[in-house]
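What follows is chain A paired twice: with chain B in the first complex and chain C in the second.
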Partner chain A sequence: MNSFRLTLSLATASLWYRRRVLALVCLTLTLSVTLLLGIQYLRTEVRQSFTSTISGTDLIVGARSGQLNLLLYTVFHIGDATNNIRWSSFNDIKDDPRVDWAVPISLGDSYQGYRVVSTNDQFLEQFQYGDDQKLALARGQWFSQLFDVTLGADVARQLQHELGDQIVLSHGGGRTSFSNHTDLPFRVSGILETTGTPVDQAVYISLEAMEAMHVGWESGVAIPGRTLSAQTAEARSFTPDAITAMLLGLKNPIMTFQLQRELSQYAAEPLSAILPGVALSELWRMMGQFEQALLGISVFVVATSLIGLVAVLLTIQAQRQREVAILRAVGASPRLVAGLYSLECVLLALASCGLSLLLGASAISALSPWLLQHYGIHIGARSLNADEWLLLGLVPVVAFAISLIPAWHHWRKSRKQSFGSSAQD
Partner chain B sequence: MNIETAPHSSRSHAIETHQLGFRWPKQTIPLQFPDIRLNRGEHLFLRGPSGTGKSTLLSLLAGMMLPESGSVNLLGTQLRHLKGGARDQFRADHMGVIFQQFNLVPYLSALANVTLPCRLSTRRHQQTQNTPDAAATALLSKLSIPEVLWHKPVTEMSIGQQQRVAAARALIGSPEIILADEPTSALDAENRDRFIELLLTLAHEHHSSVVFVSHDRSLAHHFHHQLSLGDES
Partner chain C sequence: MKFSAPLAFAGIFALGFHCVPALAQQNLQAHQHGRAELQLAIAGEQIDLLLLTPAYNLVGFEHPPRSTEQHQTVDSATAWLERTALVNTDKQQCAPMQSDVQTSWNDEHTEHHDHGHDHAGHSDIEITQRLHCPGLTDATELETGLFGRFPGLEQLNTQWVGPNGQNAARLTPGEHRFKIAR
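Entry: the complex of A and B
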């Protein structure tokens, strides 16, 4: 124990003495450990926010297609539906005694590249994300008038919309659309709170408004004279013929599989029903490959800088002949000399780990508002989880393991140390 | 049981060697050394031109290498009976060393360099009445190292000062044997005599035997005994 304290104090003094050379090595190691830790941290965060995109919904029902496709276009607003669901089917399913609630969703239009989701007030009431959190309005109201629109948080932030702004939706997807619903502008009635999910990246209108907009658009473009004006539209009442998908909540989740099977064999039209959790984890498995590779690369980066550390220590070793001669002559054992080496390596690794924690924490706190503002990505500072501590803890352990190379070298050499300044007389 | 820490009878010699021989890996004829018998508290001057194996002999006396033939008996302990680690501990407990130059650990202060043996050896620590720092400062003042340098890095010192710090390190904790390998070769004539006088006076105070190696015949008169290497035949 006493000899450990001696070794420790010698190692710290020695590191401090060589601080100029070692600072660079330490910096390299710090950066690479920060990279490793950062990637692991983001992995966890992304996975967390990914799997919490939707919760509380037991089934998503759409036209017959693969479960990933259905999940992507309903929840992530990526890709398009293969077909629609008849409004009668929606009502039929909604009235099933096992169904607690049903939210209709109709897609197809866009606003400045953001999806237009037409739905009803059930969406606000039933949609949940994260740990069963409900949607809430940051400002204004959920749409109530025919030509009201509620904006997702990102849309409002990016396009700097305020309540009462008039906006024009485009027909079809894409950022630049050539056919706009110019004659039927919408008024911003409300803006949703940030959720960190694709909900922020869409605008919400009523199913009736969607119908009203598309009167006279049956052929895909507006036929002059057949479209409605705002006044005539408001005088009429609309019932949709079809919707794109629906979200279902069941009274008893045990019924989920039974209902899923029934919906897949629905007689009136071909439907698919998926369990959002299952589809999400399948999607994550696909994307997981990529982040695994990223983590692998960062492990190699850390390994490289650890090897660099050993290379520098071995180079310094040549300059330490005299010091070793002195230590040996005053009675230090070869073990102490070797221990000095290992300890220096471990101390450097520990310093790098500490520094990278600081660096990571300050990077997150500095970048987090910026990321949220510009990309709508919410990365909060949190304490590390067990996996991350393990990864961080592995760095000094590996440093110790590879420090055994110069330490062993030293141990062998200092056993042969003779009296005097040089190893050989 | 504990050979290296057992109290040694004061009748045993500080150093007693018998027909020492050593061969470096590529040497054909082994180096042979004259027998040494040195009483405790007495000083020995070992003279020999370079190449006569002075440093080899010191390595054997320090227990850093084992002889090919013959024996080294220090303070009544046969070195060959000790294992590597025990020999290192024996050296820490009973020996002080001074090199030609580069005596000091560069990243430690003068004071920390002096107290280093007390941290490696409980015995040396106890011999300073468990106050190594006080013992070290006493030695440094006696060796006239200015107090401002005590806590400074040793690299800021002159060679003469460095050698005196090394002497203080060798003396601290009153080891029975001090091995000095041409410690004055880098000093001028005036400093050299002053250094030897100081070293021997303090060694006397600490009851230490000094083995002093040098090629400089003119220093021999300071010592009780002298022995020549290499030119006997």
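Entry: the complex of A and C
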């Protein structure tokens, strides 16, 4: 124990003496460990953010298609529906005794490149993300009038819209659509709070408004005289013929598979019902390869800087001959000299790990508001999980292992330097 | 609701899966040798499960059994499937309360009273089970013994719905466990 304390004090003194060179090595190691830890941390967080895009919804029902396609266009606003489903089917399924709630979704139009989602007030009440969090309005209220629109947080921020602004939606998708619904402008009635999900990237109108907008658009462009004015539209009532998809919540989630199978055999029209949680995990499995590759790269970065550490230690070794000779002369055993090397290496690694924790924590707390604002990715600071501690703990262990190379080298060398007593070693 | 599935079958299992024969009549299921689908509905200490697999994975052929040997293979597979909980906790706490094995060649024979034609296409086996697992609420992982018993099975696409929401896993002989807790 005493000799350990002696080695420790010698090691710290020796590290301090070579602080300038070793500080650089330590910096390299710190940066690479931060990278490794950061990637491991981010991939857990991004996965979390990704899988919490939608929660509480038991089934998503749309026209017959693959589960990823249905998930992508309903939840992530990527891609398009192959077909629509009838309004009568929606009502039929909504009235099933096992169904607790049903939210209709109709897609197709856009606003400045953002998707227009036409739905009803059930969307605000029932849509959940993350840990069963509900949507909330940051300002104003959910659409109530025919030509009201509620904006997702990103849309409002990017296009700098405020409550009461008049906006004109475009027919069809794309940022540069030439056919705009200019005759029927919408008024911004509310702006949703940031969720960190694709909900932020869409604008929400009522199903009735979607129908009203498209009266007289049967041929794909507005036919003058056939479209409605705002006044005549508000006087009429609209019922959609078809919607794109619906979100279902069940009274008892255990019935999910049963209802899914029945819906895939639905007699009136071909439907697909998917489990969003299952589809998300399928999607993640495809994207997971990429993050594995990233992690692999960062492991190599850490390995490279550890090898750099050994290279520096071996270089320093040449300069330390006199120091070692003195140590040996005052009675230090070859084992102590070798231990000195290993200990220095482990101390350096530990210092790097500590520094990288600090660096990582401050980077995350500094960057997370920016990430949320610009990319809608919510990354919060949390304590490390078991995997990350393991990864971090491996760094000093590996450092110890590779320190054995110069240590063993030294041990052999210092045995050869005979100062009488060491002959018995 | 205008579902075509005969609701008379709803009585078989109050919660989980039913309408087995309706499947064979209507949309054709994907059929890929080596692969099977497993669906689990987990509630409290009870698991309702459905395994849908090409017959080839379990017995090695897809026609109705002809020789004595083939009959024995089918009988022993059926007996195993009826007795054994297809998923279990690591402490083997699950036991089947109900178990039902349906083969599509059986359907064919009972429904059409065998018009003498041989079933030339593919055949599927559907197994529905209701398991009772004391201590399931504390279990974080489930495992399946299907790979050990049926070497023809290479991949089991497992989906489940439980207290922690929905999830899926792709099981293989080397990876026959999956985490059900978050």
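Here is the rule we use: the second predicted complex is superposed on the first by the 418 of 425 C-alpha atoms of A that agree within 3 Å, B and C clash if a C-alpha of one lies under 4 Å from a C-alpha of the other, contacts with A are read in each partner's own complex, and residues count from 1 in each chain.
The rule is simple: a residue touches a chain if its C-beta (ideal position, glycine included) is under 8 Å from a C-beta of that chain, and two chains touch if they have at least 3 such contacts.
This one's a predicted model, so the numbers in the text were calculated from it and none came from an experiment.
Of the two partner chains, chain C is the only one touched by A:P253; chain B is not. With both structures placed on the common chain, the touch criterion links A:V312 to neither chain B nor chain C. Looking at the shared chain after the overlay, A:D96 reaches chain C, while chain B stays out of its contact range. Looking at the shared chain after the overlay, A:A267 reaches chain C, while chain B stays out of its contact range.
After overlaying the two complexes on the shared chain, residue contacts for A:L6 are found with chain B alone; chain C is out of touch. In the superposition on chain A, A:A399 makes contact with neither chain B nor chain C.
In the superposition on chain A, A:L275 makes contact with chain C only, not with chain B. Applying the stated touch rule to the two superposed structures, the chain B and chain C interfaces on chain A have no residue in common.
Interface of chain A with chain C (complex): residues 55, 58, 92-93, 95-96, 252-258, 261-262, 264-268, 275-278, 281-282, 285.
Listing the residues of chain B that touch chain A in their complex gives 24, 55-56, 58-59, 61-62, 64-65, 84-85, 88-93, 95, 97, 99-108, 112, 116-117, 119-122, 153, 169, 179, 181.
Interface residues of chain A facing chain B in the complex, by the touch rule stated above, are 2-3, 6, 10, 13-14, 16-18, 322-323, 325-335, 415, 417-421, 425. Within the complex formed with chain A, the residues of chain C that make contact are 1-5, 15-19, 22-23, 26-27, 39, 41-43, 48, 50, 159, 161, 165-170.
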